[in-house]
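We call the chains A, B, C, D, E and F, going by the order they appear; numbering starts again at 1 in every chain.
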Amino acid sequence: MRGLLIGRYQPFHKGHLEVIKSILGEVDELIIGIGSAQTSHTLENPFTAGERMTMISAVLKGNGLADRCPYIIPINDVWNNALWVRHVRSLTPRFEVAYTGNPLAKRLFAEEGIPVRTPTMFYRFKYSGTEIRKRMLDGRQWEDLVPEEAVHVIYEIGGVERIKDISKSDRITYLEPGDVSP
Amino acid sequence: MRGLLIGRYQPFHKGHLEVIKSILGEVDELIIGIGSAQTSHTLENPFTAGERMTMISAVLKGNGLADRCPYIIPINDVWNNALWVRHVRSLTPRFEVAYTGNPLAKRLFAEEGIPVRTPTMFYRFKYSGTEIRKRMLDGRQWEDLVPEEAVHVIYEIGGVERIKDISKSDRITYLEPGDVSP
Amino acid sequence: MRGLLIGRYQPFHKGHLEVIKSILGEVDELIIGIGSAQTSHTLENPFTAGERMTMISAVLKGNGLADRCPYIIPINDVWNNALWVRHVRSLTPRFEVAYTGNPLAKRLFAEEGIPVRTPTMFYRFKYSGTEIRKRMLDGRQWEDLVPEEAVHVIYEIGGVERIKDISKSDRITYLEPGDVSP
Amino acid sequence: MRGLLIGRYQPFHKGHLEVIKSILGEVDELIIGIGSAQTSHTLENPFTAGERMTMISAVLKGNGLADRCPYIIPINDVWNNALWVRHVRSLTPRFEVAYTGNPLAKRLFAEEGIPVRTPTMFYRFKYSGTEIRKRMLDGRQWEDLVPEEAVHVIYEIGGVERIKDISKSDRITYLEPGDVSP
Amino acid sequence: MRGLLIGRYQPFHKGHLEVIKSILGEVDELIIGIGSAQTSHTLENPFTAGERMTMISAVLKGNGLADRCPYIIPINDVWNNALWVRHVRSLTPRFEVAYTGNPLAKRLFAEEGIPVRTPTMFYRFKYSGTEIRKRMLDGRQWEDLVPEEAVHVIYEIGGVERIKDISKSDRITYLEPGDVSP
Amino acid sequence: MRGLLIGRYQPFHKGHLEVIKSILGEVDELIIGIGSAQTSHTLENPFTAGERMTMISAVLKGNGLADRCPYIIPINDVWNNALWVRHVRSLTPRFEVAYTGNPLAKRLFAEEGIPVRTPTMFYRFKYSGTEIRKRMLDGRQWEDLVPEEAVHVIYEIGGVERIKDISKSDRITYLEPGDVSP
């Protein structure tokens, strides 16, 4: 049986890894879908799809899981919920079950007749993308929440510096915040 | 004379019906435009364009108004206000007057030289989409605010359950809220 | 040397003019990029790209700066930060330095290896688009914050009336706020 | 039972009407979907969705079929065949069978598990949009191929003149054909 | 009076310059709209909007026409003819007359009530983008058809080499033509 | 060193496999990019991105190459050549060299400063997507041109039947060819 797990992985952290290990107790192969693939360089979504894919691949390989997760697939938003499941299915190999904790995604899969399961909860508050991005921003220790292979990728691309740069308020400059289109 | 009434109809309610009856005292034919047609499965916009069209058609037929409102037309957003009126006009039969209570829509029609009228106010606070969606979510009585034909459509598509599902917070799951792209 | 200055210019004000004069002490030619070009008729972005271009051109001409700023270029948003700099470069003549006070834009230019400078700060709080739009809305004096050529353009297009119209709340009408797609 | 018939209706002609009458012997209600709704002002697709909707509505009313065909729905192209059926379904009331003579559409509906029927053939070569547009262009009689209600709509919008204008070659002008973006 | 001239300018040639000079006998100011702005690196459209803008600006300056043509504006395609004129108008300062030799553009402007004039024909067959691109491809002399300022821009960006590269057939490589998405 | 190979893989055939083996003599890791990912169900592009990914993954695994090609990535078209390379880079892990036989792709990579190599030619005429799709259509033997793992995928999804269905001319039906939007 093949499953699909969709997340944004901003960044990929130890909680994600635990979820994947847990799901691999239920399915033979797991497709990793990278949601909101077109989004990057924001506080909520700092990393590109390519960067996230690099992290995930390195972690899976380092944990001996690459064979069981042979597909890591960027999935752009479609801004049309009625089309979203069909969009996901057109980009992925056939899967029998979708794993997600997001209530909207669960509803959308269910309306299309696709079985949905909620991944077991692990350390929710500690291992969360929000917490990790906040620590990066505050200059605190975040590396123990992220698998070491992903830490290396984030170091290599200057990820922490990027988040800090993006967050800088407009205090000392003339143009008002939002005065430039990005 | 032909008029145009644009709304989102999430869902179509008795207030909408009263507005239509009132407008039909002023025009011969009324086009019903369904705005934000591409949006569905959100708390603000739970129903697809097809579902909204089904509700409206059933209510108009049940009230003997179908002949006077022969056009029910889904209108996608264009995310470009300068193009919006032209977009609406390309999708609709010719109309002489636009009915809307939305100040932006009024301004846009006026800048294009199209006469705009504001529909008479009926029971604003009671008959509003926001109030009805809130009642659905809270498990309260909402059916007396909606024409019975539309109630049946909402029952048939499991509309209340959909709104409740979408609204479920992410409390008991691992993935953080927003961790999935839809 | 040719520079690029990107802003939304909603509207173009005296602070923008001072920034341009200052930059022209550093570069031979300055390209003026109009960001979020597709957006108009909102409280944050009331004017179309064409209207903003008209203002800027008139002010530059009136201040003898047109020769030094021969390019005024509308730049649509791309909703994909990783593509934004390449998008800007495809629409503009070659430039050697980008001027922006926006931290995200700075980061994006830097990641693509383009030198970025922050324009000197002039009267930030007084000369800001936000302040000017607020004064227009409140019916207060705004004209002394805007170069006279731009004031004339805003008068001609009925800009203040447009902002007031857009801002009108939905109080007296039947349809709920947001009940129409624009 | 409710059926769906999709066509481009450029323009709506007597063959379309015969097909609709024939289908109405098999279903209770028929949805008319107007394909490629966003396309107009080309030789292949001269009329806007709004104009086509006006033609179809007038013909159905004139033939006493409006009650049986209560939905006439513009359907934009999505340029993604894997999403097309889901897109159609999101814009339409529920239907049990799709009518189309187009092999691609048949395949797409079939892959989604939707029953497809091919409308009986009537006068294929005579009653075809291609033939009618060619006659309009050549200044020949075309009106006997089109229901009179649709003829009136085409007259009213200057449809024949539009087709002739669009077709004019660039012979006498300086700019080369294709030298302007539309 | 202000006029608008829209073309693709692939590349800007002496015929374009003559047309502009001729139009400037009729209007006070001329807006130059660069059509299909998003297209580049094809045989029909080799140059980016930024590159075309650079050519046009240099030629206008070199011929003392920059003051009379203060606006050079990239205009993306919208793939929706019914919206095209409104799109153009949202990106440009107000104009009273549109100049174009393209029959479709003429029709679209006319349907929106905008006066259209056809520029006088100059040397159609010799001075055409098609002829110039063909000469570039064949390694023949093309420079006498293009104003010298534009020739310099084309040299600087390696324009002839680009056209030759794009045109190279797939003869000696493994992958079939069209086997890569661009 | 990491390389990138982009193709459409409609379908993945033995020639592609040979190219990959050859490239793996030059790089440590190879990213497989699936171009025109959003296209499917056409004669030129019959298979979805998900189906092509399934084929490629199965073949790589069956040939012991999965470890060396850990990334198989769908890449949507962007219809803007100036953005294409940046788009590819945002979706992929960092790569040092791009492999392509397509002259346009080569030019685009080169303009962005990315080294490009042309894969060695193998059996061009025999092993080509065009030839294979033609054989499928004609009911001839095609299986010996395609790795057996991909043959199984094509069997499983009914690929040959799909191509035949799409190709069926409109001979016996009423609606004219092209009369339906897909």
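What we mean here is this: a contact is a pair of C-beta atoms (placed from the backbone, for glycine too) under 8 Å apart; a residue touches a chain by one contact, two chains touch by 3 or more.
Not measured: the values here are computed from a predicted model.
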{"item": "Comparison of B-D and C-F by number of C-beta pairs in contact, larger one", "value": "B-D"}
{"item": "Listed pair (B-D, C-F or A-B) duplicating the A-C contact set, over half by residue number", "value": "A-B"}
{"item": "Rounded Å distance between chain E and chain F, as computed from the means of their C-alpha atoms", "value": "35"}
{"item": "For chain C paired with chain E, centre-to-centre distance based on mean C-alpha positions, whole Å", "value": "27"}
{"item": "Interface hub residues of chain F, defined as touching at least two other chains", "value": "37-38, 40, 48, 80, 82, 89-90"}
{"item": "Touch-based graph of the chains, sorted into line, ring, star, complete or other", "value": "other"}
{"item": "Contact set on chain C toward chain E in their complex", "value": "37-38, 40, 48-51, 53-54, 57, 61, 66-67, 70-74, 76, 89-94"}
{"item": "In the complex with chain F, residue positions of chain D that touch it", "value": "6-8, 15, 19, 35-37, 44, 75, 77, 79-82, 84, 100-108, 110-111, 118-122, 124, 128-130"}
{"item": "Touching residues on chain B, where the partner in the complex is chain E", "value": "80, 82-83, 86-87, 89-90"}
{"item": "In the complex, chain B residues that touch chain A", "value": "38-42, 48, 162, 165-170, 172-182"}
